[in-house]
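Several structures are given next for inspection.
Below, chain A partners chain B and then partners chain C, in two separate complexes.
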Partner chain A sequence: MSDFQQLALQLATQQQSPVWLNGLRAQAAVDWQKVIWPTRKTEHWKYTSLASLQKNVPAQWAVANDSWQQDVEFVAVDAHRLVFVNGIFDAASSSELPAEVVLFSQANIAQQAVIEQYLGKIVRGEQHVFATLNNAWMNEGIFVHVPRGQIFSRPVYVVHVSTMSTQPASVNQRLLVVLDENSQAEVIEHFVSTAERQNIFVNALTEIVVGDNAQLQHYRLHLEEENIQHVGAVHVNLLRNARMRGFTLALGSRLKRIDYQINHRGQGAELDLQGVYLPRNNQMVDYHTNVQHWVPHCTTNEVFRGIIADSAQAIFNGRIYIHPLAQKTLAELSNKNLLTSNKAEVNTKPELEIYADDVKCAHGATISQLSSTALYYLQSRGISRSEAEVMLSFGFINELLQQVAEPAVRDYLLPRLAVLFGRDQTLLEMAD
Partner chain B sequence: MLRITNLFAKVEEKEILKGLNLTINAGEVHAIMGPNGAGKSTLGNVLSGRDGYEVTDGKIDFNDKDLFALSTEERAREGLFLAFQYPVEIPGVSNMEFLKASVDAKRKHHGQSELSAVEFMKLARETSKRVSLDQAFLKRGVNEGFSGGEKKRNEILQMMLLEPSLCILDETDSGLDIDALQIVANGVNEMRSPERSFIIVTHYQRLLDYIVPDFVHVLANGRIVKTGGKQLALELEEKGYAWLEEEAV
Partner chain C sequence: MSEQVKQLINQEYAAGFYSDIVSETLPPGLNETVIRFISAKKNEPEWLLEWRLKSYTAWLEMIEPEWAHVKYDDIDFQAVSFYSAPKSMDEKPKSLAEVDPELLRTYEKLGIPLHEQAALAGVAMDVVFDSVSVLTTFREKLFEVGVIFCSISEAVHKYPELVKKYLGSVVPQKDNYYAALNSAVFSDGSFVYIPKGVRCPMELSTYFRINEQNTGQFERTLIIADEGSHVSYLEGCTAPMRDENQLHAAVVELVACDNAVIKYSTVQNWYPGNAEGKGGIYNFVTKRGVCHTNAKISWTQVETGSAITWKYPSCILRGDNSVGEFYSVALTNNYQQADTGTKMIHIGKNTRSTIISKGISAGKSSNAYRGLVRMNPGADGARNYTQCDSLLIGDKCGAHTFPYIESKNPSAIIEHEATTSKVSDDQLFLCKQRGLDAEKAVSMIVNGFCRDVFKELPMEFAVEAGKLLQVSLEGSVG
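What follows is the complex of A and B.
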């Protein structure tokens, strides 16, 4: 076992969790000891080093901290809000919750049964190293259950705040979302940090089931500052005629690795997934997506775009796997990257594996610099070269931002990203 | 306004302009006609300073300044405007933001303050009416999904907002139906003034029915081979260019 594995095991024993979760945790602790620690030779970790975790071991659990409010602004959305600070639930900053949204520790017997039915099951079998760790580390979690036929009128908004800790520290986050048949909901996950020098390692795992004819809008925003180390994953099962519209965004940091594992398990399921990554300075972002079509007549439309600046590094690995039974699949995957510096680096790998013969699939990845024709056009109107570069860079991701379905999320992101690109935000708002 | 003297220019090692001379005074409208490949678009690109167009000899004075000493953006701020034959689509950059950035760049260059968002919106809305462009086009990406006619009207809109002293229209009539052609021509005619000059680059005489030029030049083999009044355009329409090209060799 690596140093980190040893230490993680110790941390696991320090966690207190509801008794009914002990079985899952104990099994995970056993599995964790057998896990092969990823190195550069591990295919899915080829470009992402975990050396910083090994070097700067987050050897304790992060503790609550109340000096974060001035640094963190929430998405202005009328929502069921749950706020966690360094992994600890902050009731005062959270809103009153409906019966369908509970912490694991407060789940009633019926809810415990549903949690046990799904927790760790959606992720199972995919041998995700950090999912095993998340199971072993689990002390708490959020359970969102949308009962059959119900439509949540307000989004569920989960905010995870990371602050400075006296020593490098760890945080474990878990979210389970279950949409029963014919239900609808919107879930926003928002990771954010205070502006100080952060030293938190976050392991955040989300499991989602979208039931027959159910519809989910899901957002996962990774806006933490650059010293955060974040390993996160979203594992989803889509059942018959389920629809999921997902959007994810990540600023870079010292370690930021996000996996999406989405399974089409019921016929007629539809997935729309869009992502944006924006590493700068010496930051990195690594997105691994894996969409599996197990059954016929499902649709995937996946678009990721990244702008890599300065000496930053991005990794995008997008896989779509069409199993032999999955006839009449429609799947498209597009990944476009813009490098704005000679030192910026991207490793992109779209993978399409098709084992059915009657499918329509397309995939593509591009890496480019700004269009010289577009730059010339802007300059010919008096706009300086540097401003033109910024406008075009922002435009490259703004195309995706404009398609974000939740206006509150769009309104939150646009001005913040505009500032990142030095754009005039009042005009962006007015043009809207 | 503009004096081009003995201009030679290359594109990708191919000599396109070969000793071009042209003088344009304030308030004049000059049409430049000529066969394909004569160097008409090259002239526009050289004037606006596009990368890849290498000037090997000659000089251009623009409002008593050496044009080659100015960058593309400085030329624009000094009042040179090129309406593109193929306006560029830039998805994700709103037309409004683009227009404001260009107007502000020019204002700053001339020591004026930037317009507030409110002031600019008002100006942009009024101006877009003048070219019959729906306000919705201000919110869209620059030229994104615009029809050929909408793109050209957007060029004229930019011209009106920037109030240049020299306007170069590079085949603005290509791909336009009669209605759009009239809107574009009306826009240009509205802007004609004793302080403002125009270079209208076109293949066809048609546009010149609407924008009546003071001079018509024929550009062939990289040089102006004939200059005349507006009747010359009619003569060209009838006889084609071949007789002039033969003369020019």
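What follows is the complex of A and C.
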């Protein structure tokens, strides 16, 4: 076992957790000891080193902190809001919650039964080692249950704030979303940190079941600052005729690894997944997606785009796996990358693994810099070169941002990304 | 299914016969003594023996790669015989008439134009029968223009400085498990040297053939194209039917000096095993070329044989403006498994590479494209275009794509596209409506699917490749 593995186990023993979670935690602790610690030779960690985690082991739990308010701005959306600061629920900043949205520790017997039915069942540890750790560390979580036929009029908005910590510290986050038949909901996950120097390791795991004919809009925004180490994952089961529209965005940090594992388990399910990654400076972002088609007649449409600046590194690994039964599958994956500096690096691997014949699958990947003809065109119209560069780079990701269905999320992201590109209001007007 | 189709399916592997030649074969097993035996047998100089032993030591410490998308039982290297040569070779034949007639008949059955070479002018053959190069033809004619085309064991004696300089310079001894094994035990292979500014007057060709039961074939090919030269090299492979899996671990090294062009074409038709997946060749090959300034290396391959194919012909684009190309058709049927693709390493400025890969899987086979395109920080203005298409025939086969794309240079442009589908019902319907039967229609569609690659093949090979594909495929269309 690596140092990190051992300390992680010790950390688990320092927690107070609801009794009914103990079985899952104990099993996960056993599994965690058997986990083979990923190295650069592990295929799924080929480009991402966990050395920084090993060197700077977050050997304690992060503690609550209330000096964050002035640094964090929420998405302006009328929603059921839950705020966590360093992994600890902040009731004062959160809104009143409906009965369908509860913390694990406050779930009633009926809800506990539903949680136990799904929790840890959608995620598969062998696909993502940190899922096992998340199970072992789970002392709290959020449970969103949309009953049959119900349509949530307001989104569920979960904010995870990380603040400063002098010693490296850990945070564990867990979200379980269950949509019953014919229901509809929108879930926004927002990771953010205060501008101070943080030293936090976040392990955030989301499990989602979209039931028959149910529809889900899911957002996951990773806007943490540089020093955060984040390993996150979203595991989804889509049942018959379920529809999911996912959007994810990540700024870079010291370690940022996000896994999407999506299973088409019911016929006629549809998935739309879009992602944007924007690492700068010495940051890195690593997105791994794995869409598995188990049954016939499902559709996947996945688009990821990234702009890699300065000395940053981006990794994208998009896999589409068609099992033998999944005839009549339509699956498409596109990954486009812009490199804007000589020291930037991108490693992409769009994979197709296909065991059924009557399918249409395609993937495409490109890496390049801005087109010189496009720059020339803008310059010939009297726009300075640097401005033209910003316009074109911004346009490159704006294409995806414009498709974001939730206007509040779009309005929140646009100005922040414009600042990132070093530009002003004019860009925003242009974007609209 | 029509009667004709059934016949096609059931037809025996046409090259599956066994020639009864007394061979001098080493008892199975691998140790230092075996390597010393091989080296002594070939009368090799001391430095080469040391080179082999160094590779062997490295090999002992390496582990078999497991990342490829293929499954097979562990290979027992102690059960493989590492040297086999037809006995009559002890006294080398001076002309065609002196060659063992049994051997010649073997080739006749395969349709190799050894006798008809004069007629099929322009093709010089360096025939490798198991491990020893039997006959090198047209050598004198090539010698006139200064081209050296001989077996590598001969080159070791005649041109030691060239061999010493380039052997292992592209594929180092410790490059990978099978390359290390090959470096330790390679028995023979071809050696080509094209002098400065010479355009090789004919296409060079080698025909590999594994004959003796339970022998591995470890040939080593080294092609050096000096500045401004041009050569086209053809390699064809076929092997007789065996029940045990035979091991084949070859190494091919190409060196294209400034402004040189090397075109390397392969048609591989080794025994793929029977319909139950029994037998067949394990083909673990390391092929790599290095391109200096303005040089070009073009790999074209048609892979229809072998139970397992593990092969990644690669280009290291070291010099500025150098060009790498890879055209591939890989067809798998029954229980065949292929994990093949290419690596394009862009180091120099304005380097360009093109990858066109067509995979066809039928029966219960598995066919994977695995490629790497890497743009190093210095590869300003480099360009890559990759297209991988897979065609699925039958619902029990698999088609996979694993492209690794790495870029560290913003001015480099990389494009990658991949599609997977079956023969479309619309296309079939259109053909049938025009009076073609399903068989012919599919064959036509598949041929069109592969056209981008076939047109890169030299004419003789293009014909053979088209035939191979047709025969291998027709059986699997329902």
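FYI, the second predicted complex is superposed on the first by the 423 of 432 C-alpha atoms of A that agree within 3 Å, B and C clash if a C-alpha of one lies under 4 Å from a C-alpha of the other, contacts with A are read in each partner's own complex, and residues count from 1 in each chain.
Here, a residue touches a chain if its C-beta (ideal position, glycine included) is under 8 Å from a C-beta of that chain, and two chains touch if they have at least 3 such contacts.
No experiment lies behind these values; they were computed from the predicted model shown.
Chemist: Based on the superposition on chain A, does the combination of chain B and chain C result in a clash or a fit?
Modeler: Aligned on chain A, chain C fits beside chain B.
Chemist: Applying the touch criterion given at the start, work out whether A:Thr340 contacts chain B, chain C, both or neither, answering first, second, both or neither.
Modeler: After superposition on chain A, A:Thr340 lies in contact with chain C alone.
Chemist: Look at A:Thr373 in the shared chain and tell me whether it touches chain B only, chain C only, both, or neither; answer first, second, both or neither.
Modeler: In the superposed model, A:Thr373 contacts chain B only, not chain C.
Chemist: Applying the touch criterion given at the start, work out whether A:Ser17 contacts chain B, chain C, both or neither, answering first, second, both or neither.
Modeler: A:Ser17: touches no partner chain.
Chemist: Touch check for A:Ile397: first (chain B), second (chain C), both, or neither?
Modeler: first
Chemist: After the superposition on A, what does A:Lys360 contact: first (chain B), second (chain C), both or neither?
Modeler: Second partner only.
Chemist: Contacts for A:Gln111 in the overlay, against chain B (first) and chain C (second): which applies, first, second, both or neither?
Modeler: Touch partners of A:Gln111: none, neither chain B nor chain C.
Chemist: Thinking of the overlay built on chain A, is A:Arg381 touched by chain B (first), by chain C (second), by both, or by neither?
Modeler: first
Chemist: Touch check for A:Ser95: first (chain B), second (chain C), both, or neither?
Modeler: neither
Chemist: Across all Cα pairs of chain B and chain C, what is the smallest distance in the superposition, given in whole Å?
Modeler: Distance of closest C-alpha approach: 14 Å.
Chemist: Do chain B and chain C land on any of the same chain A residues, and which?
Modeler: Shared contact residues on chain A: none.
Chemist: Taking the touch rule as given, give the residues of chain A at its contact with chain B in the complex, in rising order.
Modeler: The contact residues of chain A facing chain B are 371-374, 376-385, 387, 391-392, 394-399, 402, 423-424, 426-428, 430-432.
Chemist: Which bits of chain B are touching chain A when the two form their complex?
Modeler: Touch list, chain B to chain A: 48-51, 71-73, 75-77, 81-82, 84, 87-88, 90-94, 96-98, 100-102, 105-106, 109, 117-118, 120-121, 138-139, 141-142, 158, 162.
Chemist: Inside the complex, what are the residues of chain A that reach chain C?
Modeler: Per the touch definition, chain A meets chain C at residues 43, 324, 327, 337, 339-369.
Chemist: Write out the stretch or stretches of chain C touching chain A in their complex.
Modeler: Answer in residue numbers: 67, 375, 377, 390, 392-422.
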